[in-house]
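Labels run A, B and C following the written order; every chain starts at residue 1.
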Amino acid sequence: MSATTEKHELPHTIQNRKAPIYLDYQATTPTDPRVVEKMLPYFSEQFGNPHSRSHFYGWEAEDAVEIARESVASIIGANPKEVIFTSGATESNNLALKGVANFYKDKKNHIITVVTEHKCVLDSCRHLEQEGFEVTYMPVKANGLIDLDQLRETITDNTAIVSVMGVNNEIGVIQPLKEIGAICREKGAFFHTDCAQAVGKIPLDVEEMNIDLMSISGHKVYGPMGIGALYVRRRPRVRLVPMINGGGQERGMRSGTLPTPLCVGLGEACAIAEKEMGAENERLRRLRDRMYQSIVGRLPEVYLNGDLDQRIPGNLNISFAFVEGEGLMMGIKDLAVSSGSACTSASLEPSYVLRALGVNEELAHTSLRIGFGRFTTEEEVDEAVELIIHEVERLREMSPLWEMHNEGIDISSIEWAEH
Amino acid sequence: MTVYLDHNATTPVRPEAAEAVAAALTVTGNPSSVHGAGRRARALVEDAREQVAALVGARAEDVIFTSGGTEANNLALINVAEGPIFASAVEHVSVLDGADNVTRIPVDDDGIVDLGALDRLLKDALMKVGAGRALVSVMLANNETGVIQPVRKVAELAAEHDAVFHCDAVQAAGKQDIDFPSLGVHMMTLSAHKIGGPPGVGALIVAPGHQATAAIRGGGQERSRRGGTENISGIAGFGRAAEAATADIEHLRGLASLRDRMEDEIAAAVPGVRIFARGRDRLPTTSCLTMPGVSSETQVMAFDLDGIAVSAGAACSSGKVSPSHVLAAMGADEDEIKSAIRVSLGWTTTAEDIEKFTAAWTRLHARVGGGSLAA
Amino acid sequence: MAYSEKVIDHYEKPRNVGTLDKNDASVGTGLVGAPACGDVMKLQIKVSEDGIIEDAKFKTFGCGSAIASSSLITEWVKGKTIEEAGTIKNTQIAEELALPPVKIHCSVLAEDAIKAAISDYKAKKGA
């Protein structure tokens, strides 16, 4: 990268870095080498089909799957019998919402969710709306959290299921699951929570939090892609209509041969996360604060999106006013970060999550999501800070909006021609 | 070393595929992310799509990756069928239970679909006003007996009656040449772990001009036909396995001689043995045979003690051993069904394995055979 | 999304970034786009007595393609008459920079910007 002026010269070591710094832990986490190691034998010598009941290979695979199921159950305080394996959190979310809605549709046909949920939850809800269900999309406050009183008022006798995510994928805010669970239990509605971003990041307990269904993802907890789980409460029993039929595996709720190595990977990932979460969170909080303090200390006009306290330590979502996010990402190509959700980043629309917080479109366009995780080092954080500050300053000098801002012109007072 | 003869349940991952899986597991990046890490993950998925397409002569863009054969079969049936669904009575349960309204097409004694019956079913369906376009689902080769269906003829019938034709090729892929475009099939199911790829990944191939939208939505992956972050390691392994399987078809075809010798020896030694679909065109690697008077459970347990892994039927009915719907549909009598086992060979099978099995089978029969199964 | 080499070159080494005195009678200023849409371009030209564009400067808030489109057009218009500059089409910019379909609007914005700058200059002259 050649700089336009000397002022923007970066330290030589940063200019010559070989592999980009991965700071996109909410899009996906690297598979932990310890997890890979556990998985590999199940791709070779221990290859059995866990449903083969007639020989050693099958039993061995089944044992491995059941140990994995225990680890998954353990990290959320569930009974292993309540955990079913799926192909990922997207499937889990689809199954929880469509499965429960369809099973209870003769009694209840109202569903409550939140505007900042993951696309696959919103998509499932829209699909159910087309089928005649009534869906309420609750707003969030400016900090990204829902209003509990409003939730209490929104639940009716007709509400079958309330779906609120544990941790938001873009802004990392933590919803008050325990309070939501209590309200749902009191009002007699099932509580589903998409915890793809929450498992291994915050303490979870399905009993204490009165959670009836929980979606879990492998590749967001340092496990492999292609595997997830759905917790389905047994007492009081939650029933659902399966989406994938034929074979009757997973208590009839999810058919298909279980992929033993992937199940093992998810189990090991949960076991490691349960053991290391406390120390890891402390470390990540220090890294996150270090980056945030450096950036706000050196750059004016930067805004944090989402609550700072009710937030996992591994996430920052910052708007750098007057610098467009995609242009910024191109400049910091040695950083793997995202502007908006990874699933939608090919589109030009500003993030619907940020819009829901009331962040104006202009600031939404200037946001970066920075995700920290298990393998992020302090050195990487420091390099990332330099790269970001360098590039924001360069692009601001190129920005007509920054120029106007410095001239004291109120940008919102200008009548922009929409195009 | 255990002799593994249950390849139709799952086959060991081929070393090339295991390598690809292990390599892909160390790649960080969500294929939907635009940064370099995301693009590398995307490239792995797209290369594998080419390789899987090549296995059956399809176009890469027609491949939808799923979590396995079961999901792909469900996907083909649920979200595509507008009208009645006709599936052969010997289909995999993920087809027969894949939708609410599946009508079973009868099969003959060897498990081959009755084309006359299918013709009548399709004609009746056409007569019904507003019934919608029919869907026919007939597998390429059966998982329990290995018998190969007259897919081209089924395709002709389907075309004649303007029906959509889905073919479950999970067991046939990698064991015989498949040319998707010329088969007249609109949708085809494949599974990685049956061709030496990892479990947890499969594909539905959808011919140009046909629609398939998965039950699992949200995220817009697979061109909005199947939501969810791609199983990169699984897909990469599937791709390499497809490539390796294509190169290995001749070898698998050659296993027919081992299988045939085993069947000849057993049939010569014990005249009452029934070998299902023996005279018909079958996969080179599958044999489904009875041991008169000895229950399937007894056999598989005895073989297991002898260090041989075989199966009493399909491995999917988790937990309970229920009588095979395949053999029942073929009109086999109860004694035959209760005493049938499936022996399935694969890329790791050696002549020695088969000799061991034949010897063990003969020993077991000499020890406990010839009795009655009546309870 | 992979950017073309030319886009990257203009993005990393933008030509003619800067500001001309908008109160100067020989300077025309075009400001197009909107912050809410994710791109704003300011393009300025300094025109000589005989109608030749002597200098051009830009500032852009937007993605790499938007920055490259504005950088490229400042290079192209320098030395041209305002009539010639007014005939530059967005398709030429898109082609030169090999913009993918989702980025065509960036080249449209650049065309709009030069047209706006020319008409601002003409309005000043006429006044």
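The working rule: a residue touches a chain if its C-beta (ideal position, glycine included) is under 8 Å from a C-beta of that chain, and two chains touch if they have at least 3 such contacts.
Keep in mind that what you see is a predicted model, and the values were worked out from it rather than measured.
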Chain nearest the overall C-alpha centroid of the shown protein atoms: A
Most contacted chain pair (by C-beta pair count): A-B
Chain centre separation in whole Å, for chain B relative to chain A (CA means): 36
Distance from the mean Cα position of chain C to that of chain B, given in whole angstrom: 60
Gap in Å, rounded to a whole number, between the CA centres of chain C and chain A: 40
Multi-partner residues of chain A (at least 2 other chains): 346
Residues of chain B touching at least two other chains: 34
Where chain C touches two or more other chains at once, by residue number: 1
Footprint of chain A on chain C - complex, ascending: 1, 3, 8, 11-14, 17, 19, 31-42, 59-64, 66-67, 102, 105, 108-109, 112
Residue ranges of chain A in contact with chain B within the complex: 20, 22, 24, 27-31, 33, 36, 39-40, 43-44, 47-49, 51-58, 86-91, 93-94, 98, 118-124, 127, 217, 219, 224-227, 243-250, 255-262, 329, 333, 335-338, 342-346
Chain A partner contacts - residues on chain B that touch it in the complex: 2, 4, 6, 9-13, 15, 17-18, 21-22, 25-26, 28-30, 32-38, 41, 66-71, 73-74, 92-99, 193, 198-201, 215-221, 227-235, 237, 297, 300-301, 303-304, 308-312, 315-319, 321
Interface residues, chain A side, partner chain C - complex: 1-2, 4, 322-324, 326-327, 330-331, 346, 348, 350, 360-362, 365, 397-403, 411, 416-419
